[in-house]
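The two complexes that follow have subunit A in common; it is paired with subunit B in the first and with subunit C in the second.
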Partner chain A sequence: MLARYMRKVYTSLATHIYDIPSRMMALMLLSMFTLLPFIRFEVTLISTLIEANFIAIFAASWDLLFRAGQVSLGHALFYGMGGYTTAILFKYLGWPIWITIPISMLVNAALALIIGIPCLRLKGPYLALVTMAFPLVTLGLIKGPFSSVTGGEIGIYGLPSLFPRELIKSPLDRVMAEYYLTLTLMMFCSIILYKIAYSKTGMVFVSILDDELASKACGINVTKYKLMAFAISGFFASLAGCIHAHRINVVNPPMFGVNISLIPLIAAVLGGLGTIYGPFVGTYIYYILDRYILTILIPMHKWTFYNVEWGQVKPIIFTLIVIVFIIKWPRGIGRGIVEKLEDLEKPREIEEIEKEKSKKHEKS
Partner chain B sequence: MINEIIVNGFLNGLIYALLSLGFTLIYGYSGLLNLAHGAFFVIGAYIFSSLASLLYLSMIFGHSYLPVTISLILTPLLTGLIGAAYYKVTLSPLIGDELSILIVSSSACIIFQQILWLIFGSVKAMQFSVPPIVEGNTSILGVHVSNNLLVSAALSTVLFILMSLFISKTKIGRSMKALSQDVEAAMLMGVNRERIYTLTVFLSGVLASLGGIFITCSTSRFTSVYGWLEPLAISYAIVILGGIGNIIGTIFGGLLFGYATTIVSRLFPRGGALVPAVPFFILIFILIIRPKGLLGKRVEME
Partner chain C sequence: MHLLEVENLTKRFGGLIAVNNVSLHVDEGELVGIIGPNGAGKTTLFNLITGYLRPDSGKVKLRGEDITGLSPDKIANKGLTRTFQIVRPFRHLPTIANVLVALQSHRGKRRIEWIKTPERKAMEMLEDVGLSDMALEPAENLSHGDLKRLEIARAMALEPEIVLLDEPFGGLNPVETEYMVKSLQRIHLDGHTLVIVEHKLHALMKLVKRVLVMYNGEIIAEGAPEEIAKNKKVIEVYLGKVI
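Presenting the complex of A and B:
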């Protein structure tokens, strides 16, 4: 019985993962991330990666919406609203996090539907603008008229942690637990999002991205699929907000900021737009570059030059690197790697191989 | 109360319209969605204040209107040159790729903001207060209005007339219009796209910095280096209100926006916190109800 089961697992691994180089690469990267705390335990690196883990879900949810042809510049709305919903549910009803987080995700899916309805008429830059406006309007409402509920500028404090102090006492252990929790969540969400994006529904999304009129003419209910994309995207994006809120135990207005809306864009463009795996690659590049390489590996905190601090110079260098990446590789790094790997397994013509051989001979 | 709203809304609206005129030019005539427009606003305000105070302090011209006038002429030119250089480096290799332009121009905002911080710093910048263009007050309809606001509104009206004449009468302006209608046909007729786009960005930088100078002068409000989002949102809302690439629509949108902000800040309880959200409210409503803008022609929503 067990042997048969093992064999089944082995054959499925061999056919679905081992034979496809890009999936093999993803598996290797995942196992590397799993083993990383045992190889090199640095609290700064691990906490950077924790943040990257849930921001990767956020970026991938943005990318799924992009695959349906909807460029959103205001994804911070779901991020912030996710955090605020759990916080308000905790503050006023006192529910535990394993109830508030799923409820918050569902609420945000509904919110995404409500926002999606007026956005159905809009396209391109107009859509980007309206979606950019939503979080900022919400920000105004939270700071202004609803400040008695939401705590105004200060936000809501004292949220419960992901792992309570009584359960895991040592802080280092708690960091490890958070790391593995976010890693598994990231794995699950990436598999679900990838499956959705490359299923029949996902193909319909791509058809809307490519040509909305043509897909309408084929009898596809474009409205339904666009709203579906909005709901799925809001659902997963709010998960990231929830985890962020419970990790630092605070929700505050900066969660709606423009820079939060820009992170998934930058991550997706760095990794490869509309590929789902692209934003994951992009987010890790973004976070490791910004939070680890430029802050920890280059020890410049004490460096000053005429009162110029490294903290002020760092964003310039980081954005310059991002701009260079975008101008140099407009198709994305993740997509480039995957296409290179897929080229490896393509059958080649004999003449081509002989040409390469003769070139090598010439060189030697 | 009503008099106050009418006068203040009108004068502020004209200045807001000037700020968004540059955005209409760059977005309507060259199709580049330049999010760094707000950064030029901030750059203009900073260069003007530092230049004017330096000239005052150095006492070359004595205490006359000369330092302010000189910096009023020099600042837009400098900002325009910065804008042209920015276009050459970042936007010109990306023409046609809207999403990349969005990202690159918003990252450029961050770069400009940090560079301003490096030059002026948070503490040092407080030493420069924005000097007024003209001093004193006048009363119109029983409302005390600073001469500053009046002069800025008058100057923006003059600039409006000049810009519309420039676009409709000169050859460069007409080639800008031609490029906005059909890029390939215009290029076949011998229009140099690169040169015209650079000039458009230059002009939009000039207008944005003038808007920055006038707004910061008349409200005597200190602009933080991080304050690029609000002017950007304001100009975007006004441009969408009036229809993209429509100069008369821009004036109309600016006035409407000026009235909207004054009404919200005066009449609503806790309205001060809501003022930054006003442009976004307008944006959402306009784009959902009438996406082509209030005065806009029928446009393909592509």
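Presenting the complex of A and C:
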């Protein structure tokens, strides 16, 4: 029984992954991330990666919406609302997290549908500006009229952790558990989002991105597909917000901040716009570079230069590195790597075709 | 009952009357050409029929059913598709996926025979216009002539009752034009109804049985190609008055 199962796994590995360099690369990177805590256990690095894991889902959900031609500059709305929904459900109903998180995700999918309706008629910069307003309006509501429910500026405290203290006693083990949980979630969501983006539905999304009028001429109900993209995007984006809320046990207004809305944009541009795998690559690069190397690793050595502190130089250095990346890989690092790997693959295919041709010649 | 019936269609853009009280009808299996100088309102007429613009007054009927003011995708699903004057491919998708998008619509899905996969059907559509070699190539790598043919494959994928072709020969060289004439003839022989707007009169006149001439938003003449070529009014419109 087990042997048969193992053989099945082996054949699927051999046919679906081993033969395709880009998938092999992804598998290698994943196994590297899986083994990383054993190779080099450093709490700061691991917690940066935990954050990168769920922000990657957030960025990829933004990218799916981009694939449908909808550029959102207010994706923090789903991030914040995801966190707030699970927090409010916990605070007033006392439900456990494995109920509140799925409910929060569904609520946010519905919210995304409602947000999507006024966005249907807007395009390009106008759409971006309108979506930018949504988190700001929500922020105003949370701080103002609904502050008795949402805790106003302070937010909601004392949310349950992802892994309760009673279950895992050592804090380091808890970090490890969180790391593996977020890593599995990232894997699952990346596969689901990738499958959606490269399915028939995803194809229709791209047709809307390319030319809305032409897809209407093809009989595509553009409204339906746009709203679908919004709902899927809101669904996955809120998951990131939920995990963030339960990881630091707090939800507060900064979750709606403009900087949160811009993270997916940076990640997607760095990794490759509209590719789904791009934002994953981009998020890890962004987090490891900005949040780990530039924030933690270098300042440890007490770097000063003519009384200029590292904190003042850091944004400049980061921006310069990003500019270099964008000049080197204008279509995204992830896309660049995958295209290189596909080029490696092509000669082999051509060889096979030529072999077949020569065989046919011999026969004739 | 006519397949497509347009009754007193009028569209104004501010003070300009782009289409003025146009009535026409197309029967099943017909191949109709619409000609006219630049700015005559031919493309506007197409946009009105296919739902991209809302007419100020008048009616469009498909098989007696009123389709005036419906959205373009609903009209396409009812069996009235169109191609565009300026090609509008889905540039980021492979050529075959351009056709697959059309097969993903409500009508397209139902028109796939149970024995075929959508991919098989899309491939057949591409073979019909001679693009099967480019099936996996991204559409942005295709030449202009290929894109024109791709537009037709995409419109035909819905198995429409009537297709409106907006300048199918626009920007094609003589060889490509010849090929396009042949493919359109074949499509017509398969029993499809076509309406063609065109500037290249030479190619068009070989193809169609009935020609409508538009000028300043009105239909000024109608008849067989030979009659139209001799029509004084038409010559006046194209070449100017003899003094």
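Simple rule for what comes next: the second predicted complex is superposed on the first by the 326 of 364 C-alpha atoms of A that agree within 3 Å, B and C clash if a C-alpha of one lies under 4 Å from a C-alpha of the other, contacts with A are read in each partner's own complex, and residues count from 1 in each chain.
Here, a residue touches a chain if its C-beta (ideal position, glycine included) is under 8 Å from a C-beta of that chain, and two chains touch if they have at least 3 such contacts.
Source: prediction; values computed, not measured.
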Figure out whether A:200 sits in contact with subunit B (first) or subunit C (second), or with both, or with neither. second
Can A:137 be said to touch subunit B (first), subunit C (second), both, or neither? first
Touched partner set for A:17, first subunit B, second subunit C, both or neither: neither
Residue contacts on subunit A - larger count, subunit B or subunit C: B
Subunit B versus subunit C as contact partner of A:341, first or second or both or neither: neither
Where does A:315 make contact in the superposed view: on subunit B (first), on subunit C (second), on both, or on neither? first
Touch check for A:218: first (subunit B), second (subunit C), both, or neither? second
State whether A:88 touches subunit B only (first), subunit C only (second), both chains, or neither. neither
Between subunit B (first) and subunit C (second), which, if any, makes contact with A:209: first, second, both or neither? second
Scan A:185 for contacts with subunit B and subunit C and give back first, second, both or neither. neither
Seen from subunit B, its contact residues with subunit A in the complex are 33, 90, 93-94, 97-100, 102-104, 106-108, 110-111, 114-115, 117-118, 121, 229, 233, 236, 240, 270-271, 273-274, 276-277, 279-281, 283-284, 287-288, 291, 301-302
Given the complex, residues on subunit A that touch subunit B span 71, 73, 118, 121-126, 128-130, 133-134, 136-137, 139-141, 143-145, 147, 258, 262, 265-266, 269, 273, 307-308, 312-313, 315-316, 319-320, 322-323, 326-327, 330
Quick one: in the complex, what on subunit A touches subunit C? 200-201, 203-204, 206-207, 209-211, 213-222, 274
Sort out for me which residues of subunit C touch subunit A in the complex. 50, 52, 71-73, 76-77, 81-84, 88-93, 97-98, 100-102, 104-108, 118, 154-155, 157-158
